C-alpha cells in the first residue's frame, strides 16, 4: 500500500465512502500484519489440528509442563522432542494421556484426530543404533498426519537387505535416511529412487566419525541427485520437512 | 524367487505348462532387474523429454563434446554444468544451437519442447555475488520443465527488501535460498514461509567464511523448520531437488 | 610523572629540599607508575564504585571466599562469574548479603550504590536456552551501573516477535545479541538498527552447532555492518564492553 | 499501533478531527514502514553526507562504475572497498576526482564535505604487513567523518614500541587493533587501556596461522575485557563500527 | 544374462536340451543372487566355523543376550565387541561358557573348534595404554582362526625395544600397529619390514592428540610404503582385515 | 650375522685365521647390517627385478634425470610418480625408452622383464574424475609385476553399473577403490566382497568435500569389514600395498 | 662398546683369555648396546640420581605401585605424573615417604640427594588456573635437580604485573610460560627476554579456546624469536626440556 | 640506567655538576631504556656482530633494499628471510656483496666476522623436500655464529640411514629436525638422543598432510621427551632458537 493508496483510503473514510471497519480491515493487511499476525492466522488455517512443538532440551520439567498446560487450553495436539523421562513425568502430571517414546525421547499428546495422508514417507536406517533418530522423525511425521513406513537396519555393509525392501522405498513420496558412521546409505538410496531423499546424519560411530561429521559430509557430497541434508541427529527436522513435502 | 520356485518354473516350462515368454516375464522380475535394467527403464518412462546431465568439471573440452555428440543421437535435451568457455566452444562445434550462461557456467541444448510446470519455485539470493550459484539452480530447474521466479539480493542486512517480495516467495511450491557469508537468509525465509526451503551455501565471503563453511553450518543449524541443505555452491543439486519436489 | 613533576623533583634535589636517597626512591617508581601503578590509579579514579570481578571457574570455594573477604575490606562492589552453587554458599558464609543468580551463575555483592546510566543497552536472545548467557551479560552490565532492557526469545524462526520489539531495541545505545544454533539473529538485528551490536554466540544447539562454533562463524561473517563478536558464551565480556561503550 | 489506536485514528479522520495528511503521516509510522522505508528515511536524516559503500569484490569493473555513476547523481560520497586497480580505472573514467589507495584497495569519492569528529579513534597494527587492513579501516573511518590516529608496527615482539605510543592510544575513544600471526597485540592493548578495542585478525602469517584463524582465536579468547572481534581482514567493518561508537 | 540368453535357456529346457538342475544352476548365478543369497552361501562355505560378530555399543544387555541366544541355535562361534561388564553378565546368563576380556571389552563364545593358521600376524603397540585396542584386534584375529604374536610397548621413544623384537615382526604375514599420541610407530615398522602394515590409531594421549586424530594423520601420511589405516580405536577392523589377508 | 656366523668369526680369530683388525672391521658392520644393510640385502633378494621408485614432486627436472641416470647404471626398472611433463622430457633425454602416462603423471622405465602375477587386483573408481589416481595405482601395481583389472566409473549413484561387474571384482585378490566426493563406493564394495579393500579417497569434488577429507572420513568409518585406507590421492601407496598383499 | 673395548675383547679371545662362548655372549649384546643398552648406559652416567618417570594416566593404582616397587629396588628417585589421589594411596602403601602434589597431580619419591643447579629456570603463568600445569613443570624440573623460580598470574591483561618481575625472568637460563585462553604471554615474554622460551598452552578457557588449541596456535605463531612449544597441558615435557637445556 | 648510575646523576645535580635540564633529558629516556632502549643496548653488548633480521615476505623489493641500505650504515651483518629472487636483485643493487640461497630463499650480508661456536648444532631432515626449510635454519644459525652439521634425507622409511649418522647427531648440542608428511623423525631422534630437539614441521606432503598440520601434530604429541616445536616451515625460528641454546 503506497502513499497514493493510503491517501485514497483515508479520503474515502473522510468522505464516508468507506466505513471505519472496512478501513481497519484494509489497513490490517499492511505488510507488517502479513509478517506477524497475518502469518500466524494463515498458518492457523493451514494447520488445523497440527501439533504445537516444544523443544524440551534445556528446559526444566516445570517449564515444559507449564508450556503444556497452557497449550492444552488451546486444545491442540502437542509434540515434545528431546524430552527426558523426568520431563515426561512432569508432563504426565498435568496431562495423564500424554505418551512417551523412550527410544525417541518424544512426548505426544493427541487431543484431536488428524487425517492421515494417503501417500506415505519411508524412514530408513543404516543400523539399529540409528533407530532413535529415525523414531524421532517417524513420530514427528505421524503426529503431523503423515503415514510412515519404517525400514530399519538396511545399511550398505549388506546391501541385499536394502534391495529386498526397495519396492516399498520406491513407492514412498519422500524418503528419510538416518545413518551414522560413513553415512553412505543416503547416496545409495538416492541412486536407486527418483524421490526426494532427506539425509539425517546420526552421531552413531566412534573415532573419526567425529560425532556425526563424517556422515554429514558424506551426505552433503552425495553424488546422487535429489539428496538434501538436515543437522546431525535432527530427526524432528527431517520428519517435519518430509511431512511438508508429502502434503504438497 | 527361491530355489523351489525356480525349479517349479523350469519344470512348468519343460512340461509345457508355461510358455517361454511367460517364463521370461517372470524371470525378468528377478531382483536384479528391478535394480539395474528395470530402474533405467522406469526412469526412461518417467523422464521423457528430461535432459541428460553432464558434470563438465574435470573433463576436457573434447570429452564433453564427445559425450554431447553421442547424446545428440538420442535426441534428448542436455544440461552441462560447471562448463568453462572453452568447453562451450567445443560443444558449439558439434551443436551450434547450444546456449551458454557465462554467469552460471551452464550449457543448455534444447532438442525437445518440455511442458513447463504450473506451480513455480522461487530462487532467492542474499547478495549479488550469490547469483551465479542461483542461476545454476534456476537454469537447471528450467530445463527440467520447472517454472522459476528469481528474487535476488534480498539479504538480511536490509530485510525490508525481502519483506517486499514475500508474497511471491510465499506462493512458490519450493524455495531455494543461495547465500554465502553468514547464510542467515535461509533461516529467515524458513521462518516466514510454510514451504520446503532448500539452502545452498555459497563460497562467497572471506576470512572466517571458510569457503562456504560458515554459511553451511548456519543453514544446518537453522532453527526454522522445513530447511534442508545441499553442498556448498551446489546450485544444480538444489535446482534438481526443487524440480523433483515441485513435480510431486 | 610528567615533565613538570620531574623538573620539580630535580629542583628540590638541587636545592637540597630532597635527599638523593629520597630522589632515587621516587624515580625508581617511575617506569612502573607509567605502566603499572599509574594505570591502576587512573582506573581507580574512573572506576569509583565499580565492582571488582572474580572469574570463579577453576577456583575452589575457599579461594573465592578468600578473595571476596579481602575485597570486602576495600568496600567495593563485587561480581563473581561462573560461580557454582557451592561457591556461592562459601561466599555467603563470609558475606551474607551476597546474591546469586542460579540462571546466570553470577554472584553480586553491592556495598556501594552506583548511579544507573540514563541511556540503556538492550540484551536480546534468540531463544529461551540463550537466557543464561544473556543474564550473565545483563547482570554484569547492571552492576557496572548500566540500565538494561531484556528482550528474550525473538529468534528469526518467528521474526514478527523481533519486529514487535524493534522500537525498544532501536532506542538502545548498544545491543547485545545472544544466540546459539545458527546465530542469525545478530545479523538481522544489525541490519535493522544503526547502533553497535555485540554478538555473543552461545553453545546452545546440537550436532553441527559444534558447541557454538556455528553461531560464532555466522556472527563473524555478518553482512550487516556494526556487528562485532565476543567468545562463545562470554556474557560477561559482552556486558562489560556494552557498559564501556554506553558510558562513552 | 494496535486495533484500538487504528480505529480511533480512522474515526478522527471520518469526523474531520484529523486531516488526511496527518493521518498519512501517522500511518507511515506503521511497523512495516519502521522496518523498510522509515529505516531508510531515518538513516537518511542521521547519515547526511555519509558515503554509500560498494563492496567491489566479485563485481566487474563495469558493474562498479555503473553503480558509481548512479550514486553520483545523488551527490553522495562514495567508498569502494576491495577494489582492484582495474576497477579503479573504470571508476575514474566516470568520476575523474575518484581517489585510490593501492595499499588498502579502497576507492574514495568525496562530493560533499563532512564534519570531522573532535574525538579520534586509534588504528594500531602489530606489523607492517597488517597495514593494508589497517588502512582499509582508517580510510573507512575517515570518509565517515572520524578523526584517525595511525600507530603502526608496535607488535608484542618489541613491546617498548607500543608503550612509547601508549598515551596517544589511551586518549582515543575507540581502538582498532589489526594483527596477524599470533594476534596477541589486541589483548595487550586491551589490558593497557580502558576503551573499547576492536580486534581485526589479519591473514598475515604462514603455517599454523591458518590464514588468520590463529589471530582470530587469540582475540576471541582475550583475557582482557573490552575486546570484541570482526572477521579476518575486515578492516571496513572495524572502521565502520569504530566510527559508529565514536559518534555515540 | 540378457533377454536373448534367458530365452535360449528356457527354450533349451523346454526342448530337453538342458535339465532342470542345470537350468537352476545357471539361473542361480543371476546378478541378484550373486548379491544377496549367493553371497551368504559363498560366505558360508568359506566361513565354516567363523564367528558371528555383534557390535555391542549402543545395544542394551537384553538386546545383546537376545541376539546371542538366537545365534547359539545356529551353533556358530560368537564375537561381541565393545561389550560392557553389564552386557557380559546378560550374555553369561544365556551362555555360561562365554568368556570376557575386561581389557579389550570383548566377549567370545567358542562352540566349534577352528583350525588355527600356520602363518601368524603380529600385533604391535607403542605403549601400554594402547593394549586394549591391540587386544581387541588380537582376540578378533584369534577367533577367526589366526595365530597371533603380541609385541607390546615398543614405541619409538625407546626404539631399541622395537629392534629387539624385529625378527618376530618380520616373520609375520601381516602386522597390526596400534599407537596413539604421535603414532609414529606405524611408519617406523613400515620402514623396517616388507609386509602389509595395518595402522590402528588409538585415542591414547591428551591435548593436541585430539582423541586419536594426530595418530590417524601420522599413519595416513606415512612415508613408508605398505601402510594402510583403519578408524581410530578400531581394533576389530584391524584384526578382521589382518585375518582376511593372512588367509589369502 | 647370525649366531653361527659370529661363532665362526670368533673361532677364526682364536685360531689366528683372522686378524683382530679384520675382526673389528666385520663386527663394526654388525649393528648396521642387522638394521640397515641387511635390510637392503634381503630386499634385494626378495625384490629382484623390482623397480626403484622416485617421488618426483618437489624435485627439479635435473634432479630427477640425475637420479634416473644413476639408477640406470644398476639396470633396474624405474617408476617415477607425480612427474610433470617437463620432468618427463628431462628423463627422456637420458633414457629415450622411458614412457609417460599423462593421466597418472607417472614415468615408467622397463629394463628387465618381470613375471606378471597369476592372480590379479581390481582397481575400481566411482567416477571418471577418479581415474588419474586409479591409473597411478594400476601402473604402480603393473610395474611391480601385478596383473590389474580396471573397473572405472561404477559409483553408487547408479549402482547397477557396479553390480554388472561384480563377478570380476569378486575374483580379484585385492580390490582398490578410488573415490572422491562422498566416497561411499569403498563401503559398498566392502559389503559385497570377501577380500581386502584398499580405499583411496580422491580430492575430486567441491565445497564440503574439502579436498578429499569427506571421502577419507567415509572410508575410515566404513561399516563394512575388510576396508583400510591410504592417504588422499595416494594411488601409488594403494598400488604398492595391493601388490604386496597379492604377492603374499 | 667402543672401538677400544672391541679390540680388547678380540685380543682376549685371540690370547685365550676369553672363551668363544663368553665372547659370543658379550657380542650378542652388541647391536643392542649400540642402540639400546649403550644408550641406557650413557644415560645412567649422565643421569646419576635422575628420577625414573612414570606416566600414570591410564594405569591402574596396582600397576603404578607395582612399577614403583620394582624401581625402589634400584634405589632411584621416582616421578609419577598425572597421578590421581587413588594412585597416590597405592604408591604410599609401598613407599610411605612418597609425596604428592594435589595441584600438579604429581608423585615424587626422593631416595637420593641430587645436586641442585646453580642457574635457574623461570616458570611463569598467565593466570591462577594455569598453575597446575606450571607446577607439573616446576616439580619435574626440581626432581631433575633444576632450581626453579615461580612467577605466577602475570598475564597480559595486567602487563605491569609481568614487568614487575621482569628482572627475575631475565636472569633465568630458560623460561617456561604456561598460558591458556589466548596464550599471548609467551609472545610477550619472548619479546622481552633473550633466552629460550618454552610455551605450554593450557586447556584453561572456554568456548573458542577449544581446549587449548587457541593458546597453542598463538604460541606457534609467536612473532617473537626464541619461542618453541610443547603439547597442551604438557607441564612435564616443558620441565624436562628446560632442565635439559639448563644443564647444557 | 641502574641504581649506581641514577645515584651518580642525582649527586651531580645536587652538586651542580649537571643542570636540571640535562638531568631531565637523561631521565626522560628512563622508562624506555628500562623496557625498550635498554633492551636494545643490552642486546648490543651481548650481540656484537649479530645480524639484523628482515622478514621479507609481504615487503616490496624497494622496501627491503631501503631497510638494508639503512642497516648497512650501522655496519651490522644482515639476514633476509623469505626473500624472492626479485628482492635479492634489489638488495644486490645497494649491496653487491650480498649472497643469496635460492633453496632457502635467504639473503646474507656479512660485514663483520663473527666467531663461530665450538659446539655445533645438527640440522636433520626426513627427506630431500624438507631441505629448503632446513637450509633456512642452517643459514640462520651460521650467520648467528653457530657451527652447523647437516644430516639430510634420513627419514624413518629407511631408519638405517639415520642410525648411520647417529654419532654425529648425538654429539650436537641441539638438534633441529625438519620433517613433513608424518613428521615421525622428530620423535625417533628424540628417543635416540639426550639433547634438546627442535621440531620444524614442513608443509611437504599432500592430501591429509594438510600443509604441515599432520607433521605438526605428530611433533607436538611426541612421546619422546625433550622435543619442542616451532611453526610449520619456520626454519628461521628453529635456527635462531638453536643458536640461542647453543650459546648458553
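Every chain is named by a letter (A, B, C, D, E, F, G and H) in the order it is written, and numbering of its residues begins at 1.
Everything below uses one rule, namely that contacts are C-beta pairs under 8 Å (C-beta built on N, C-alpha and C of every residue); 3 or more make two chains touch, one makes a residue touch a chain.
As the structure is a computational prediction, the values presented were derived from the model and not from experiment.
*Asks:* In this assembly, which chains make contact with subunit A and also with subunit F?
*Replies:* Touching subunit A as well as subunit F, we find B, E.
*Asks:* Which chains are in contact with both subunit A and subunit D?
*Replies:* Where subunit A and subunit D share a partner, that partner set is B, C.
*Asks:* Which one of the chains is farthest from subunit E, going by Cα centres?
*Replies:* Result for max centroid distance from subunit E is chain D.
*Asks:* Subunit B-subunit C contact: same residues or different, taking over half shared as same?
*Replies:* Mostly the same residues form this interface, as more than half of the numbers used are common to both chains.
*Asks:* When the centre of a chain is set as the mean of its C-alpha atoms, what distance in Å lies between subunit C and subunit H?
*Replies:* 41
*Asks:* Between subunit E and subunit H, tell me the centre distance in angstrom, where each centre is the average of that chain's C-alpha atoms.
*Replies:* Comparing mean C-alpha positions, subunit H is 50 Å from subunit E.
*Asks:* If I count partner chains per residue in subunit D, which residues reach a count of at least 2?
*Replies:* 31-32, 35-36, 39, 158-159, 163, 192, 207-209, 213, 216, 220-222, 225, 231-232
*Asks:* For this structure, give each pair of chains that are touching.
*Replies:* Pairs of chains that touch one another: A-B, A-C, A-D, A-E, A-F, B-C, B-D, B-E, B-F, C-D, C-G, C-H, D-G, D-H, E-F, E-G, E-H, F-G, F-H, G-H.
*Asks:* What residues of subunit C sit close enough to touch subunit B in their complex?
*Replies:* Residues 126-127, 155-159, 181-184, 187-188, 190-192, 205, 207-210, 213-215, 217-225 of subunit C touch subunit B in their complex.
*Asks:* Once bound in the complex, which stretches of subunit B touch subunit A?
*Replies:* Those residues of subunit B that touch subunit A are 31, 34-35, 39, 42-43, 46, 53, 163-164, 166-167, 173, 192, 194-196, 198, 216, 220-221, 225-232, 236-238, 240-241, 244-245, 248.
*Asks:* Per the contact definition, I'd like the list of subunit D residues that touch subunit A in the complex.
*Replies:* My answer: residues 3, 6-7, 10-11, 13-14, 16, 20, 23-24, 27-28, 30-32, 35-36.
*Asks:* Please output the residues of subunit B touching subunit D within their complex, sorted ascending.
*Replies:* The contact residues of subunit B facing subunit D are 128-129, 159-161, 163-164, 204, 206-209.
*Asks:* Show which residues of subunit D lie in contact with subunit B when the two form their complex.
*Replies:* It comes out as residues 32, 35-37, 39-40, 57-59, 201, 203, 211-213, 216, 231-234.
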